[in-house]
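Each in structure tokens, the structures are laid out below.
Shared between the two complexes below is chain A, which pairs with chain B and chain C, respectively.
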Partner chain A sequence: MKLRQSMTTLHTWGGLLPSWLLFVVIFTGTLACFDKELEHWMRPALHGSSGPASASAQQISDWLADNVSAPLHAYWIHPPTERTPFWQLGWEEDGSGQRGRAVFDPVTGAALPETLGGDFFFTLHYNLHAGQIGMYIVGLAGVFMLAALVSGVIIHRRIFKDFFTLRPRAQGQRAWLDAHNLFGVVGLPFHLVLAYTGVAIFVAAYMPAGGMVAYNSDPLAFYHEVQGGYHRNELDRPAGTPVPLDQLVTAAQQQWQSTDTGWIIVEHPADASSVVSIRRRDPSRIGSPQDTLSYDAFTGELLHQQQTPPAYRGYIWMVGLHMAQFGGSLIRLLYGVLGLAGCMMLVAGNTVWLRKRAARQTPGLHLVQALNTAVFFGLPVASLVLLWANRLIPAELEHRASVEAWSFVLAWLAVTLATLVSSRQPLARARALLGVMAALALGLPLVNFLTAPYSHLLATFGTAPELALVDLTLLICGVLLAVAMARYRPRQPVPAARKTECGESEVTV
Partner chain B sequence: MAAQHWRRLAASPLAELISRGLAALVAGYLLAFGATAFLSVYLPLPRPDRVVVASLLCFAVWVGAAVYSFAARRPLRVWVVLVALAGALCLAAWLPTDWRMRP
Partner chain C sequence: MSILAFVTAVAAMLCLSLAMARHHRDLFGRPPGRPRQLLYRLLGILGTALCLLLNLRDGGGEIGMVTAMGQLMGAGILVGLLLARVATAGMNNSRR
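So, the complex of A and B:
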């Protein structure tokens, strides 16, 4: 009894404090299951065209040399795949560490108009677009989530019986608690695994103790031995004539007896020490293969084949389990559905917190209510606005991706402001925001139809199912949101004081 | 007078909650750090495997420490137990200077 009481304290506060941050992480993580599909959808220039993929890695590398003048620390190229039918390029400038990204047509090799792409949600998921600091914040939120899950299980003595209990017509708080339990228990194994593998990805940054004690804090020795990788320091001598990248890719494919090439990484290309590392791709496995080949960029000599210790392969397997790049669409769909269950668990959990305290007028009630609305509605609205902006901003506009980012930020700010000015009518506010979300989701396929002749549902249905599914999902979500709005009424007359203070601030859809 | 005021504040449920919460975060991390260092040295495995296995376990230790922080009867005892344990583990890990870095 005493244990369950103390675990309730841990669950209540350890769950509430990071809940809004966790909502951002889980919601964007759910979207990031489909980051490649969204990336494809957000690039209408790719749609409708077909032809033999004739662009080559060297062509992409030449574009970089022509268009980026700053000296580079490294750059990386990924050939087209089934889910990403385009060439991808990323680079990091020397000194400043500034990073860039570009995507190319697989047929012509021409650079495509810039967009934030599905990558935006992926980055928001793991570092909130705040670099190193953001990565630590998300990691801390992940540990909070683990603690909340474990304490939740301890509290939940009748886990089996309660699982089959849903009383939607019951008194508000009871129904929300049932919903919280339902989403929490259905998703429990998934949430535990995803939270643990999620924090494990950056374990070397979060927990440096092992490297400190066993490698005397020598990061190079640590990475060299643990990853079995290859690194060559700069010689500070000018580079020679590089071997064409395509020649190295062919050599790597012969070495592996496989044509599935992943990232091609070129380190300090302007220095005599430059190394080209080529990774193998194997989406049939949970953990990506760790047999990267490293070549001298100027002689083409094979310098090293990666050989990893068993524990590191176990780590890579955990990373793969989190990233969901294995298997097929069915796996990602399952991840997506369980991710949404995670979002709903948070929404329902926070609503239980509010309901419990509404009658008592606990301090902080308004703050929690405002944060709930600003985050649980603000992020989905902002994400939808971003997709609208993607279709409405002209392709040739300079700094197009920044304009998209501003549309996302301003939309979220608008929801937050609307939350602040309407704090007296939480019911009307929730209804209105549901309506806004429904309109945005239902309108998007229409905007797509009006602006992108090869991307809309009628053009992609049957020919490009991965694009059509984005529009279809939006339509389904829009209809569900509209239904939720129409049916959204307070269940029973509530005493006036309670009605205005607690209201029904959130709603499931 | 002021001392009495502080004593009352320290005994309040809010102060206890904050103490337990900080212990779960800070002392819990210290224990996870100590456990990772200790296992990185004493696991009967080659060095890279020792370090990776120990590091991957650290979050379980941290969460366990968080549960203990809230389950323990006396909130101040939590700090003593977790910090002392972390210190002992670190000491045991760092003392054998050559052996801890064996391949």
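So, the complex of A and C:
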């Protein structure tokens, strides 16, 4: 078998089989570029609040002491920033390892109602909300994507000649192949870099053997040496009186000559060995500076200043390049557009596979069709339903975030069931789902208007552009989806003489 | 300045596409002659370099390079979609 033939087989099957998983990873990764903006949008209680930010790190720490009785392994606090104008708190319980999260109003210091926030999409992106197993699955999908991209370049005979070519009126699979090539080839550097860095970020978790051997099966020792970080083992002695966190934050800011404070991490706060680590935040660079100061929690003595080894700085640069938290909203917008191009590449690629085999009625055709609909339509519909749920579920409801998660899951299940029920009418099904997505996207700003007096487009247009842009994006997407639905009609059957060349004459996503 | 850099990227991609016979024919009804093809290629390369320089000046070497690459890729997709639109409109007109 020649190289190009073998690469064609690899590209076809190595691209198709993980494509639905890759769509989930790329789509949620695209949304995760705007996770902080979405998080802000999903917290309408913040939008009406005004006044000077008066809450402090110590106030947040006191809330934790008053509301969580279990002994803590560690907790971490992040002060408000331009993109996240609220205090964030997370904690991990000792023994059980159970984690919690809360967010606070920067003016009053009051805890805000629960929501999944933009973090939901970020976690779905990198581990499918399935912990380490999920991380491995996503990593495997990333490796498949790299293989599909490289083999795609090898098999594409006219990669430069057809660089800008898109012929939407072409018959059969040609139009979809053009779309697959356009979104794949023009965005190739982005797809390659993001797939590679996505896999490389967790390389120590995917291949832990070397580190485990070199560090006597102690992964913490490995990470601390690699990062140039600081850790003090627990002394199992009762804690003393802690220095107020705000005092340590001020000391750190004086040391840096900067007020850009990132995460404040308090390790084993109930033990005499407790350490407070304060990280500097610098979104103006691709790799965050990793400039952490560690203080004794009870004396305030500076114990350690992180000196990051060059190799770790290189690693952090790659992490930063993948996460797109640098360079402002222009970078996130570009990542968003190119992420959507990646989604379109997958949709078009799968449609090419279908149309090539439609005339032959290849086994598995209906399965691929059903999976396409369940994933390519199901995930966007479920994401929109999640945003609807965020506005419709009462703020005071207990376990509000879980109800939001269930709304997401049930919406996706509903689309999957509808796919199974209407398996004989793929065109009508796709058209109906385009209509559902358009209605959900266009209806959301209206629901926002009716339920959140300080959050809707009219209230935020001049004052909070980051919130207004979420509503505007929904409106634009809604209009585009409605137009797509209106134009989405089966073409006239192709005459028999031409059908062999063109394959199936209708779109079968 | 980012807008200027993006406009430059779109212009560069448009020039590079017009150096190709198919797209030139879609827009002007005939393929480009050899001198014009070389001119389009030259303008495309210069536009790409200018987009890169503008981004490097605004964002520095590190972020400017990433922004320029993103803008060039985004511009390439935009030009591909615009050319498809023009070609489709041309087909509709010729049918009438």
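The rule we apply is simple: the second predicted complex is superposed on the first by the 481 of 509 C-alpha atoms of A that agree within 3 Å, B and C clash if a C-alpha of one lies under 4 Å from a C-alpha of the other, contacts with A are read in each partner's own complex, and residues count from 1 in each chain.
Definition applied: contacts are C-beta pairs under 8 Å (C-beta built on N, C-alpha and C of every residue); 3 or more make two chains touch, one makes a residue touch a chain.
Just so it is clear, the structure is predicted and the values come from calculations on it, not from any experiment.
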item	value
Touched partner set for A:Pro363, first chain B, second chain C, both or neither	neither
First (chain B), second (chain C), both or neither touched by A:Pro310	first
Comparing the two partners chain B and chain C, which touches a greater set of residues in chain A	B
Which superposed partner A:Ala147 touches (first chain B, second chain C, both, neither)	first
First, second, both or neither for A:Leu338, with chain B first and chain C second	second
Chain B versus chain C as contact partner of A:Glu225, first or second or both or neither	first
Which superposed partner A:Val186 touches (first chain B, second chain C, both, neither)	second
Partner chain in contact with A:Gly95 - chain B first, chain C second, else both or neither	neither
Which of chain B and chain C A:Gly211 touches, first, second, both or neither	first
Chain C-contacting residues of chain A that also contact chain B	none
Residue ranges of chain A in contact with chain C within the complex	161, 163-169, 182-183, 186-187, 189-190, 284-286, 321, 326-327, 330-331, 334-335, 337-338, 341
In the complex, chain A residues that touch chain B	3, 6-7, 9-10, 13-14, 143, 146-147, 150-151, 154, 196, 199-200, 203-204, 206-207, 209-216, 222, 225-226, 309-312, 314-315, 318
Residues on chain C engaged by chain A in the complex (per definition of touch)	2, 13, 16-17, 20, 22-23, 59, 62-63, 66-67, 69-71, 73-74, 76-77, 79-81, 83-84, 87-88, 91
Residues of chain B that touch chain A when the two form their complex	17, 20-21, 24, 32-34, 36-37, 40-41, 45-56, 58-60, 62-63, 66-67, 69-71, 93-94, 100-101
